[in-house]
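Alright, structures below, take your time with them.
Each of the next two complexes has chain A plus one more chain, namely chain B in the first and chain C in the second.
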Partner chain A sequence: MDVFSDPANLQLYIDGFLMILKLTGASTLLALVLGLLLAACRVSPVPVLRAFGAGWVHLFRNTPLTLVILFCFFGLYSAVGVEFSDDLHINNYWLAVTGLSAYTAAFVCEAIRSGINTVPLGQAEAARALGLTFTQNLRLIILPQAMRSVVAPLGSIVIALTKNATIAGVIGVPEASNSMKTLIEARGDQTIAIFAVFALTFVALLVPVGYGFSALANRLMVRR
Partner chain B sequence: MRMKRLAAVAAVALLALGAAACGTDTETPSTPSGESPLVGKATAGSLKFGVKADQPGLGLQAGAAYEGFDIEIAKIIAKGLGGDPAKNTYVTTVSANREPFIQSGQVDIVVATYTINDDRKKKVNFAGPYFTAGQDLLVKVDSTIAGPEGLDGKKVCSVTGSTPAKRIKEKFPKVQLQEFDAYSKCVEALANGTVDAVTTDDIILAGYASQAQYVGKFKVVGKPFSSEPYGIGLKLEDKAGCTKINEILKESVTNGSYKAAWDATLGKSGTPAPTLDVSKLTNCPA
Partner chain C sequence: MSHEPLIVLDAVNKWFGDLHVLRDVSLTVDRGEVVVVIGPSGSGKSTLCRAVNRLETINSGTIRFDGKELPAEGRSLAKLRSEVGMVFQSFNLFAHMSILDNVMLGPVKVRGESKAVARERALALLDRVGIANQADKLPVQLSGGQQQRVAIARALAMQPKAMLFDEPTSALDPEMVGEVLEVMTSLAKEGMTMIVVTHEMGFARAAADRVAFMADGQLVEQAPPAEFFGNPKSERARDFLSKVLQH
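The block that comes next holds the complex of A and B.
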């Protein structure tokens, strides 16, 4: 375990997990917003929007995340020229966030859509009978009930996203799995110890998140 | 009851970790006569070499077969130990798993652009060096970068966690370092202009520059800023094997097989064979 007694190595470990948190934080927010919009598209009365939502979900849910992230670098940045910053590292961070959000939004969309299906049809019909438009109906009647029933699945998605953030390492974002590789390269004799520390840190980070979401889901559940 | 269940879960987790930790047995390395166990394995045709699989000219996996200078060196060693080079088994190693592979016995000998250094010497034994490389830069043919001093603010690519990447971070902190998991991605990024240079050992860069699809596009700057003696890794306890391999290397210079190995692989790009300084084969512990 003496790998981590070296302050430089300890810093590498801390920086790696801080980067995971930064990636997860930004991607969670973006994915939630995007996923909500996509879900609205998928249940909307406009065929073009429905097709767009369905297309997005099928494309991103069925593509390996590594490919999505690599595409963000070699496609979006290298070929198309999308550049967030002159600084290579800031640029890579936002490219990774873009990929993670686009990918996770597909799952968020499907979770919310399943939540919408839990709202009894009578609710939407009553709202329409009262003269609410589609948007009003969604915003005031359907989504408030739907969102409360999908807290637990959204929790699973956030947990998966946190672990998926390690894939940002393929385009050189200095996150935890890259720190782990660097440490293993330097201390090949302690591979198992290093591996165990990183694995357990993820568990320690995510177990409370899981419990938190369960508690929240219980409190917010619509009791019918 | 609850405690018991927790304990059981903990025990299972520990077992799983333990199973991952112990790959293979630890056999006694030397026979009483002081002969290396490698000789027996060579005669039986069961030598396992750890080599790189993604470095053109050095160790490259093409289909099921491996090719490159490191592979040729492995063949010379197998022959010198009294075995049949055609019976060699090659196992892909990456930089991070070379020591564990040797220590656990998953491979007998590592010939994989393996830089000899003091940290590694604590874990494995090094015969050689059979080649001395140096960290250099690969740039586009029309690039104005003439050495590491001209890199400030430039984008330079290397492999995550590798020694060259570490050296760039420490010695040239103004360089913007792009890290990928393989040099092939770095070379691709160099080809499409995303990065300004790729850095690692000159011999590896030369291998990429001589790949068919990149011929005439890249050049190696030719100002190495480090010295990387490549060694042949084997078990720490196997002192006899280390000395034996050094003798084989000396022999390969005199009988011309070293030069032949070079000419068949890296020499194809036109670089003449280096002279192997046999006076430097001194890494074996006495």
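The block that comes next holds the complex of A and C.
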């Protein structure tokens, strides 16, 4: 294990995981907001919005993430000219976040939508009968009850997103799997040990996330 | 009673796919009038009731409420609904809110009343339906009869011009039917305009100004309760009554 006793290598390892956390953090936030909006579209009374939501979900849920991320780089950036920053590293980071968020939002949308489907129809009907508008209904009646059954699947989505963040490596974002590759190339004699350290770091990061979401889901269990 | 029409259905037709559930239904309910709708299962009673606040859209004909045709959608529809109270068979209290919050929600969020004002009226209404001491509980902690009385209070909190009841006692244990009918009877006596779909013939006799009998999507006959129960005109109504009044 003396690979990591070299400060430069240790730094590579730490930077890789910090990048994973930064990618995951920003993408989680964006995917939650976007996923919520998409779910609202999918249950809205406006056919165009419903079609938009459905289209997004079908497109991103069924396209490999590697393709999405590559498209962000070669399509959005190179071809279309979308540029977040002059700094190549920062630009790649945000291109990766864009791809991860767009992709993950499709899963968030479906989790929220299936949560909405667990809320009995009578709840929305009673709210409509009182004179609540569609958005009030969603915000005050449906989502608070739906969220309780969305929390657990959201946990799985965040876990998947964290692991998926390694795909940002394909467009040169210096994340954990890139660091690992660099280290293995330098120290072929310690390949297994390097793999183990990186894998276990992911496990150590994500097991608590899983437990945290389960605990939250249990606390929010709806009583009927 | 003044004969000022509040709810007017004119030649209303409704299909669910190929199923013709409302056939040329015309019905006028005057201000302060209590109309009880009865009829066999599947005859379209719920659909009729739900069409009045447009929880169900119709395919042809018109429905006017307080002089205006029902708005198609949006804010004006929400406003119309806020003026028509609705009580469902399955109560449909908001499961994640306290009893008090259930009753305050409409006034605060739809009418923009202050919480203090809404709370005061909510507590008075809960007191009226006999639930004041349960205000902080969740719906699940109440019996069916209590939940339905809260649902009535929730609808009344909007100070509606009319109330719709779709089989409000059908989901209740028999011993709780009375407490809900009692609240409804007192509302009727106070002059609330009501459309009540029910199988409670006793309530129809005691509280209705008029009984409307539906079968196969048609409004077959309507008459004051004494006349309807004493001397039903149509074969369908006689047949129906002989079945429900046997026991």
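Keep in mind that, in the parts below, the second predicted complex is superposed on the first by the 224 of 224 C-alpha atoms of A that agree within 3 Å, B and C clash if a C-alpha of one lies under 4 Å from a C-alpha of the other, contacts with A are read in each partner's own complex, and residues count from 1 in each chain.
Definition applied: contacts are C-beta pairs under 8 Å (C-beta built on N, C-alpha and C of every residue); 3 or more make two chains touch, one makes a residue touch a chain.
Note that this is a predicted model, so its numbers are computed, not measured.
> Could you look at A:Thr63 and tell me whether it touches chain B, chain C, both or neither (first, second, both, neither)?
In the superposition, A:Thr63 touches no partner, neither chain B nor chain C.
> Check the residue A:Ser44 against both partner chains and state whether it touches chain B (first), chain C (second), both, or neither.
Neither partner.
> Just chain B (first), just chain C (second), both, or neither: which does A:Lys181 touch?
In the superposition, A:Lys181 contacts chain B only.
> After the superposition on A, what does A:Gly122 contact: first (chain B), second (chain C), both or neither?
second
> Once the structures are superposed on A, label A:Ile171 by its partner contacts, choosing first (chain B), second (chain C), both or neither.
Only chain B; A:Ile171 stays clear of chain C.
> Name the contact category of A:Ala196: first (chain B only), second (chain C only), both, or neither.
Only chain B; A:Ala196 stays clear of chain C.
> Check chain A for residues that touch chain B in one structure and chain C in the other, and list them.
The answer is that chain A has no such residue.
> Which residues of chain A touch chain B once you look at their complex with the stated criterion?
Going through chain A, the ones touching chain B are 73-74, 77-79, 87-89, 92, 169-172, 174, 178, 181-186, 188-189, 191-192, 196.
> Show which residues of chain A lie in contact with chain C when the two form their complex.
45, 120, 122-123, 125-133, 136, 140-141, 144-145, 222-224
> Taking the touch rule as given, give the residues of chain C at its contact with chain A in the complex, in rising order.
53, 55, 73, 75, 78-86, 88, 90-96, 105-106, 109-110, 138, 140, 151, 154-155, 158
> Quick check on the complex: what are the chain B residues that touch chain A?
So the residues of chain B in touch with chain A come to 17, 20-21, 95-100, 103, 119-120, 122-123, 155, 160-163, 166, 176-181, 188-189, 192-194.
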